[in-house]
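Each of the next two complexes has chain A plus one other chain: chain B in the first, chain C in the second.
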Partner chain A sequence: MDQTEIFEKVIKILTPYVKNQDALASVTAATHILDDLKVNSARLVDVVLEFEDIFEIEIDDDDVDSVETVGNAVALIESKLG
Partner chain B sequence: MASRQFDSVPPEDRRSLKIQREITRLLSPVALSLVAFALRYGFGYRIEGLATLRADYRRVCRESDDPTIICANHLTLIDSFIVAWALGSPWWYLGHFRTLPWNVPERSIFAATPMLRALIYALKCLPIQRGGERRGVTEVLSKLAYLVSNGETALVFPEAGRSRSGRVEVESAATGVGRIFKSVPNCRVICVYLRGENQDTYSNFPRRGDRFRGSLEVIEPKTDHTGVRGSRDIAHQILARLADMERSYIDARK
Partner chain C sequence: MSNRVVVTGLGVLAANGNGIHDFELALRKGQSGIRTNEKMIECGFGSHVAGVPRGTDELAESYFDEDLLRAMNSGHRVASIAAIDAWTDAGLARPDPADDTVDWDSGAILGTGIGGMDTIASKVVPLTDAHKVRRLGSTAVEQVMASGVSARLSGLLALGNQVTTNSSACSTGSEAISMGFERIRNGQAERMLCGGAEGASHYIWSGFDAMRVLCRKFNDEPERASRPMSASAAGFVPSAGAGVLLLENLESALGRGARIYCEIGGSAVNCGGHRGGGSMTAPNPESVQRCIKAALADAQTRPEEVGAINAHLTATGADPNEVRSWSLALGCQPQDLPPITSTKSMIGHALGAAGGIEAVASVLMLKGGFIHPSINCEDVHPEIEPYAASIPHSLRELPYLEVVVKAGFGFGDVNACLVFRKWSE
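What follows is the complex of A and B.
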């Protein structure tokens, strides 16, 4: 699975949790998930669990700390997919 | 099994925590008495069955030296102080200082001014920015895990924030408590459900003069999952128990 495909899937997973829908229109790898997309921090774990289910990977607690931007999420998933 | 979180607490932070603990212990005769006085006579709160609740906590503390996390329902900004007051008298805590729980109050509220920061420092608090930068949150969780693994007690709200519905929200389980639990071998959880009779939903403070009732239960959550899913599973189990305790509370009021 290439980076673009992962990126698109990540956005699709994030979409229901995004409060700032306007930010979705111009989303890039640098877009901050909490600050820009206004995803509730308490719901971030639901997003991560969906990453696990959709990409069939396992994410450690510590890995979540590195996920701040969409690009971070894509990089993490890419690294887990090997 | 040594945890990565223990390792991640740097020596300088360990020293700071030790210093805070000792300062807190020195100040506790005054600080704890003032808090108890403020809750009882300033706010006029009373706890129905206070002696029983405190006896239950003393019994649980006597029964085992296993690392302990207290998990409670969360409806007001001062729940952590009320829970600590409900579980032990200032005099009990003086003699059993490790049983006075460390708290993680919201930084933007409880550490907003130097005076507040000093106050919460003296009350075994580690301010946390909920919803803040992940590494900052993890740093505080690591400190809590370190403290619990070294015989201290921590009070954590598994919902992370005050319940907006006024009821225990199992689906709002944050992963913080699960992360701490998984990283501390032989950890046990004391679930505490405490609520004022006039507390219909969440608020900043319980109503003045409110009468609280509560109970506690010890659980040992288990999970076959690892990673984030395991942490969420642990938090779910704790909140499910708190939801059961809430049903008993409501049934008892009918």
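What follows is the complex of A and C.
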């Protein structure tokens, strides 16, 4: 799976949680998930569970702490996919 | 400080109608909302019938975005829809989620009898037992915490006054209205959304079925199953839904030119102490009578002013005692009892939501000048026979109706009584 495909899937997973739909329209790898997309921080737990299900990977709780931007999420998933 | 308190908004989701228009129409027609419940049959319940408001998930999808819906179980959904309806019915706008303005003068007391049992049973227990705690995600706590039902609403409407959830079994909804009424009367809030909500879940109802207090003799005739005051009453029919009143300081209501449904004249709550025939599951008749008398005294209303009673009446063995208690509390002979009706005859017993939904029915009756039929009691219970003339089997127009009294009595021997009065300057 290439980066573009992962990126698109990540955006699809994030979409229902996004409170700022305008930011979603111009989303890039640098877009901050909490600050820009206004995703409720408590919901990151659910987002990570969906990453695990959709990409069939396991993500440690410690790994989650490194995810701030969409690009961080894509990189983390890519590393898990090997 | 003592402020007058009026009702300026109503919201309801009930087994026989969602929204005040459809609900009032169903009440006037005596339309039952009780249906066969496949889940109860599948799980081996003795009772196969329940009252579930229809189309609530579709309604919820039109009110809330996907992120919110994920964190709203069945009780949260009906509570939030009914409360938003009451708010907008009162002419108030639903705030923009991006606007940081908090309404410090408005609050909510929204009760539930059982709470997030559906979430507990379908997610928390199975996932925890399977050692998959992590899979619970972030939304379990907010759905199972008792106060979740009111907390959800504070976010939807930016409420900044007291926001809490009360729980007093089947008197919950009535108690919530009493508490909100007092808060406004004391000058602590301008507006309070008050009432009760209960989700639809066989997990909520199974314990009642085990107690053999649910009706199991009319499984093939669901619309005839809820039979308060009937000789063939065979237990209550469980149901779900929500009923919410927007209570408002009279000055605030007049100041913004709001439509006023009625005034809350007074209220009372008490408990029978599990004495004198009272227990965890039965009311002490003396406490019932004291509660009704105290509410009338609080409202400075004489018993002869009471034009209609929306009683608790669930279709169990407690009905004859309750009718007798009303008569004793009002100090009247059986034949002089004001018209008495049971909304539960059409919608079943919505537990923590019952008081809220039935308060909405009471306000609609007062505003519309009628008392709705109490269905399924053509065969009046022999002990209620002396009061038979007071039972409306079909719609009765009461154009001069001035006072409607609503009471709720719950497990734990707890009681709540509300006095609704026609509003006039």
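Quick note on the criterion: the second predicted complex is superposed on the first by the 82 of 82 C-alpha atoms of A that agree within 3 Å, B and C clash if a C-alpha of one lies under 4 Å from a C-alpha of the other, contacts with A are read in each partner's own complex, and residues count from 1 in each chain.
The definition used in the following text is that a residue touches a chain if its C-beta (ideal position, glycine included) is under 8 Å from a C-beta of that chain, and two chains touch if they have at least 3 such contacts.
Everything quoted here is computed from the prediction, not taken from an experiment.
*Asks:* Applying the document's definition of touch, where does A:17 land relative to chain B and chain C: first, second, both, or neither?
*Replies:* second
*Asks:* Does the superposition put A:58 against chain B (first), chain C (second), both, or neither?
*Replies:* First partner only.
*Asks:* In the superposed model, which partner reaches more residues of chain A, chain B or chain C?
*Replies:* B
*Asks:* According to the stated criteria, A:45 is in contact with first (chain B), second (chain C), both, or neither; which is it?
*Replies:* Both partners, chain B and chain C.
*Asks:* Just to be sure I read the superposition right, which of the two partners does A:34 touch: chain B = first, chain C = second, or both, or neither?
*Replies:* first
*Asks:* Touch check for A:67: first (chain B), second (chain C), both, or neither?
*Replies:* first
*Asks:* Using the superposition on A, tell me which residues of chain A are in contact with chain B and, in the other complex, with chain C.
*Replies:* Residues 40, 42, 45, 49 of chain A touch both chain B and chain C.
*Asks:* Given the complex with chain A, which residues does chain B contribute to the contact?
*Replies:* Contact set of chain B toward chain A: 4, 130-135, 138, 160-161, 172-175, 179, 182, 226-229, 231-232.
*Asks:* Which residues, counting only chain A, touch chain B once they are in their complex?
*Replies:* Against chain B, the touching part of chain A is residues 34, 40-42, 45, 48-49, 52, 58-68.
*Asks:* Within their complex, state which residues of chain A touch chain C.
*Replies:* 16-19, 40, 42-46, 49
*Asks:* Which chain C residues qualify as touching chain A in the complex?
*Replies:* 65-67, 70, 97, 134-135, 137-139
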